[in-house]
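Per-chain numbering from 1; labels A, B, C and D assigned in written order.
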Amino acid sequence: MTEDSLVAVKNLVVKFYTYAGVVEALDGVNLKIRPGEILGLVGETGCGKSVTSFSILQLVPPPGRIEEGEIYLNVGGKTLDIRSLPKDAIRQIRGKDIAMIFQEPRAYLNPVYTVETQIGEALLTHRKNEFLQKAIEALEKAGKKSSFEKRVYERMLKKPKSLVTKIMAKFCRKKTLMKEVHKEVVELLRSVEIADPERVAKMYPFELSGGMAQRAVIAMALSCQPLMLIADEPTTNLDVTVQAQILNLVRELRKTFKSSILYITHDLGVIAELCDRVAVMYAGNVVESADVYELFEAPLHPYTKALLESIPKPGEEFKSIPGTVPSLINPPKGCRFHDRCQYEMDVCRKIKPEFIEVKKDHFVACHLYGGSK
Amino acid sequence: MSSIITIRNLKKHYPIFGGVFKRRVASVKAVDGVSLNIFKGETFGLVGESGCGKTTLGKTILRLLKPDAGNIFFDVPESIINEVIELERTNPKSKRLKLLRSQYDIATFSGERLLRLRRRMQIVYQDPTTSLDPRMLVKDIVAEPLVAQGIAKGEEARKLVVDILKKVGLGEQHLYRFPHEFSGGQRQRIAIARALVCRPEFVVLDEPTSSVDVSVRAQLLNLFKDLQKELNLTYMFISHDLSIVECISDRVAIMYLGKINELAPTYKIFKNPMHPYSQALIASVPIPDPKKRKERAPLTGEVPSPVNPPAGCRFHPRCPLVMDVCRKEEPQLFEVEKDHYVACFAVAKR
Amino acid sequence: MTSLPAYIARRLILLIFVILGVSLLIFAITTLIPIEIRAMLYVRNVQHTSPQQLIEIAKKRGLDRPIHEQFFAWLSEVLQGNLGFSKFSQQPVADAILERWPYTFEIVLFAAPLIIFIGIFLGVQAAIHKDGLIDHACRVLSIIGWSLPSFWLGLLLLSVFSGYLHWVSPGPLDTNLLQFRNNPDSGFVRHTKIDLFDGLLNGRPDITLNVIQHAILPVIVIVTINVALLIRVMRSSMLEALNKPYTVAARAKGLDDKTVIYKHARRNALIPVVTLSGMLVAGLLGGLVITETVFGFGGLGQWAANAALQLDVPAVLGYALLSAFLFVIANLIVDILYAYIDPRIRLV
Amino acid sequence: MDLSAKWKELKVSWQPRIKEWKFMLKRIRESPLALIGIAIIIGFVIIACLAPVLAPPQAGWDPFMLRPDKDLAILTPDPTPPTTRHIFGTTAEKFDIYYGCIWGTINAFRVGLIVVAIALVIGVVLGTVAAYYGGLIDEILMRFTDIIIALPGLVLAMALVIAFPTTIPLNITLIILVVSAVLSIYFAAFKPQRKYLLPNQIILLISLFLYLTNPIVIGLNMSKLDKVLISLAIVGWPGYARLIRGEVLRVKNEDYVEAAKASGCSDLRIIIKHILPNTVYPLLIVVTLDIGSIVLTAAALSFLGIGADPNFADWGNIISMSRTWISSPELLVRHYYTFLIPGIFISLFVLGWNLLGDALRDILDPMIRRR
């Protein structure tokens, strides 16, 4: 299962230890993202979509904890088990192999630094040597062959860990390096279709509109050409017209950057517009995953069916799912959807259905399709 | 059909203070000259992107905000409305106009008279977590309008409360609980019960479903429809979600930067949007069917600030059909076909 | 929609207003005192003056005039730089203040930076190690420090270190050094009037060291009592910043913990702490009244306490005016720092 | 409605609130610091209650007035170290320190609670009015608090204590005049029914006439302790006014307040029913912390010799007697008992409130509450 995928999540269990009780946020989530595809992760508020994405980067906020499960990343022919990696190695993955964009871009940008500083930071974290090289070349071209600046850069390339280098770096103004970074930042901003990149680079987050800020965050995420981009409801708080712009941009960028995208949303419309495959989540489980055409055409899981039916259609009666989303402190036993399900059977109340492949590439967790084996 | 709400040229500007002495330096023109009427018993959809002033418009009609200019008539005979409009045009300083306005125009009301109006028009807010007082029990929350307006109290109020709670799908067992003990959908039902307990005729629904989940949303929408039939309500349904508005409203107005761009019966506006903004807006809505996937050129740019809206037609900097006249003059709403109003020079030229 | 100069201008206007208000308030308070008592200030030998004479003196001095006339008379004097005459210290108020501020300054010079640095450092550490050992230790110690009466802590330290261990004598300097400094023949020039610096300028580092030695105990008292609040505020504001989405975004970029904590979270967390530090430093003056009294430091606080006990109206007025003025200055500095830290103020 | 039904209704309607409090108590029980704080406070309450038993006052004397032990007075002018007769020793004036510490506990509670109560009432009323109506009222009030806050609290309290005359002339006609003037503005501007306006106007005119011709003035005698209480309240209220103002401004913009307006609630009802209950938690925290810090300031005033009367049973007073030995620390060491024990009393008292307040801050934090 892991061979053809870029990222594979297996049986992930995450719990939040709050004062009110233990929230069983993820209850054995299975997910895989293939290279180059857009996987839509759809579900209602609190179903664990975001927690899943934060788990992949090991960024589950306290009081949350990953209890069980494996997360594999296939990179450069190697398979990495993210959960067992040391902290430093995970940091190398964050932003470089897997980058992330968020629901409220302005809140996810630090209010006291300019756009340029924040994008530049990502560049200098993962592509420092590349820029040092560029800066040295630029200095050589300018004829400053033996300047202090150049020597500092060379030391930073060769002995980045030595104390002397660090002290020298502190005292050097690193003008050329910053100029190189600035060039790249402007280039990145231009690639996300920001009209006036030079000006925007110097702006603070609060000066940007929502759409502009989201573009800046996308530029930041793409700065190291990640293998995978996690997009956590990136257009939810944007207006429809701006959402359409961002969706177009994401489509374009996929063509140029060839990253896979894990696109998290609660909007089935966006899923239908953008994604190749869909995974549906309910109350901490992935209940169904399939090709987008197949899922919309022939959904198998009762929840998916009900969800698709609850999309309002003009001239028709509104169809709703009875009951409410269960609390994840003491969630229902067995299948978590059973008390709202019209096909509820005895077994559903007792045993949690397995997530199995019913047709080719179509997975369901439901006792109706033999999930109890 | 007679209208229950008629507003004429309504304006609401929020001041911005600045400078050394905190003087008014500018204003956010949230609602800037809106005229419309809402018919008895209909659901009037108000659509627009964030910051276009749709919520402000709703709250100003309810007089939760004081308008800066314009008239608001609530259940006033048409002859009087016409007389006021005529007088305002011909003789704006006449005593008769003053008298009529102080008697009928709720834009001028205050104090006791406004209070009496409160039981006839109500509002349901977007987010029930913030619109229900966290330190009050459900019974007190729902009974509040009754007690505050002296309609009923004690046992009598309790009966009315239970009655309305049952109507919104809750029951007596929920009386002695705090709002935070409920799920989002149930909380919104409590808010609806509060709005309806004094049996209003007109209710503003301010994005009532945007804070609840898709699976619960339909339950609420059905509840709105049922209650409308049962209690003879008129709704003003404010939303940014066009797919819901399309399903629930009888007529729809599309707002952009404090102005109404297009107003028409729902089927007309969604089948045949005329204003370039309406066209772009409707085209931008993602369709939940992968087979209908299509490449489309989205609208460029973003909504300008309502502090300094563009001169002329406010949409002109983003409009694909922009002409010279759009930059200078403001287009007025006119009837293109029966009941279909558009404010656009390009449409007018056609 | 306010530009930075306009913002600062507005603050300045408000601050002038505050100073005026403070003087009016203090003046109003003094008018509560019966005029015959206020008249005692102008009498050399109180025992031999009858109440009638006192009232006459009061009338002569204009103490029975309407309050606003008295106030404006006093204000116009102040604007000319004349703060009045302090009866109990037998010198003009301005001179008395000038003579005593160096002692106060010496304490504040050590105490204020210590409070701010310790407060920020421990606050950040407590936040990073939330619910850990450091957090709990910081919390318990700071609450205890906060609960101690400053005079009691002072008396304890004084009795242990001066009375029992004889490490240091009370007062700003050892007695022999004080005599040496005050002796005009010793060749000791008081360039700055601040012994801390004068000792160095005169080539007598022993005096400077002695000053520091004498300042240690009062500084310990002040830091112990004031640092708690700063730690608590820094901790909670740091915790808030660490939970903000932008910190998550910084981690998601692959930054290391140090950069996330010190570059991204701390800078934002400092914003409320800057305000508090300004208030604390300005408010130190109040704390110094007690501490200086206990340690016999002879600074402004001790002087003001004695003036208050002797009902010396011009002196108390002058002191109140000075502290309000310092408060205002501290506020202004805070505003400018604010603008430096937070671009939202600088650019809006 | 018969009584039992009413009682049942009352019980049912309070049940959810009791559930909330139980949740809070559970959180307090889980916090060791809060428990220690509560234990200390309860300890002091017990001492205060049992004061007549622990340190029986002599018949015919005000129990709060310290009495010199006449048997010792002749022997030496110095304080007496602890003996079986005076277990904490005596001060130089031969006041029994044990007796002062026990009865000082009552005084500490009195100072803390009364000052906080006065400051709180003033602060809540003015802060709420300022924030709710905004505009000029707000501006004036906030500038006034600016002025008071610009002065170090202790300095201002010192100035006030000294300046307050022993007898305050209270001009009753002026008070009636001001109150009726304020009320008439309120009736004219905010109240929909104006039926109270006329009688109020008549009172206003009568009091104005009396004020100009024949004002009624009564002298209010104040003890030194009263002066301290009033001064501390004057110093303290702006803090509360600001806190309340901030809270009210926050709550005022909540949707539920607007919803209450839409329901037809009057301003007064909105303030009392919706705004104030939602500002209670932050207030509770600050009040708890302030009881401690006010006792500290009062003790500091006593230490400087401008607090309660010198023979009043007050912790700060007893310590203030050791001010004489400051310049000769050897004497301080010899007479350590005169300040050590009362100081422990003060510190523990303040520590109790601070521990409780600090724990409450965590417990009542809206971020963690209920989630």
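The rule we apply is simple: contacts are C-beta pairs under 8 Å (C-beta built on N, C-alpha and C of every residue); 3 or more make two chains touch, one makes a residue touch a chain.
Quick caveat, the model's predicted, so the values are computed rather than measured.
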| item | value |
| --- | --- |
| Shortest path length from chain A to chain B (each step joins two touching chains) | 1 |
| Dominant chain pairing [most C-beta pairs in contact] | C-D |
| Distance between chain centroids, defined by C-alpha means - chain A, chain C (Å) | 52 |
| Intercentroid distance (Cα basis), chain D paired with chain C, Å | 25 |
| Where chain B and chain C are represented by their mean Cα positions, the distance between them in whole Å | 56 |
| Where chain D touches two or more other chains, by residue | 370 |
| Multi-chain contact residues (two or more partners), chain C | none |
| Residue ranges of chain C in contact with chain D within the complex | 14, 17-19, 21-22, 25-26, 29-30, 32-34, 139-140, 143-144, 146-152, 155-156, 158-160, 162-164, 169-170, 232, 282-283, 285-287, 289-290, 293-296, 304-305, 308-309, 311, 316, 319-320, 323-324, 327-328 |
| Contact set on chain B toward chain D in their complex | 59, 62, 64, 111-112, 115, 118-119, 122-123, 125-127, 130-137, 139, 144-145, 148-149, 154-155, 176-178, 180-181, 191, 194, 198 |
| In the complex with chain C, residue positions of chain D that touch it | 33, 143-144, 146-148, 150-156, 158-160, 162-165, 292, 296, 299-300, 303-306, 316, 319, 322-323, 326-327, 329-333, 336, 339-340, 343, 346-347, 350-351, 354-355, 358 |
| Complex contact set, residues of chain A against chain B | 44-45, 209, 211-212, 239-245, 247-248, 266-273, 292-293, 296, 306-308, 310-322, 324-325 |
| Interface residues, chain A side, partner chain C - complex | 54, 57, 59, 61, 91-96, 99-100, 102, 104, 107-114, 121-122, 125-126, 204, 206-207, 217, 220 |
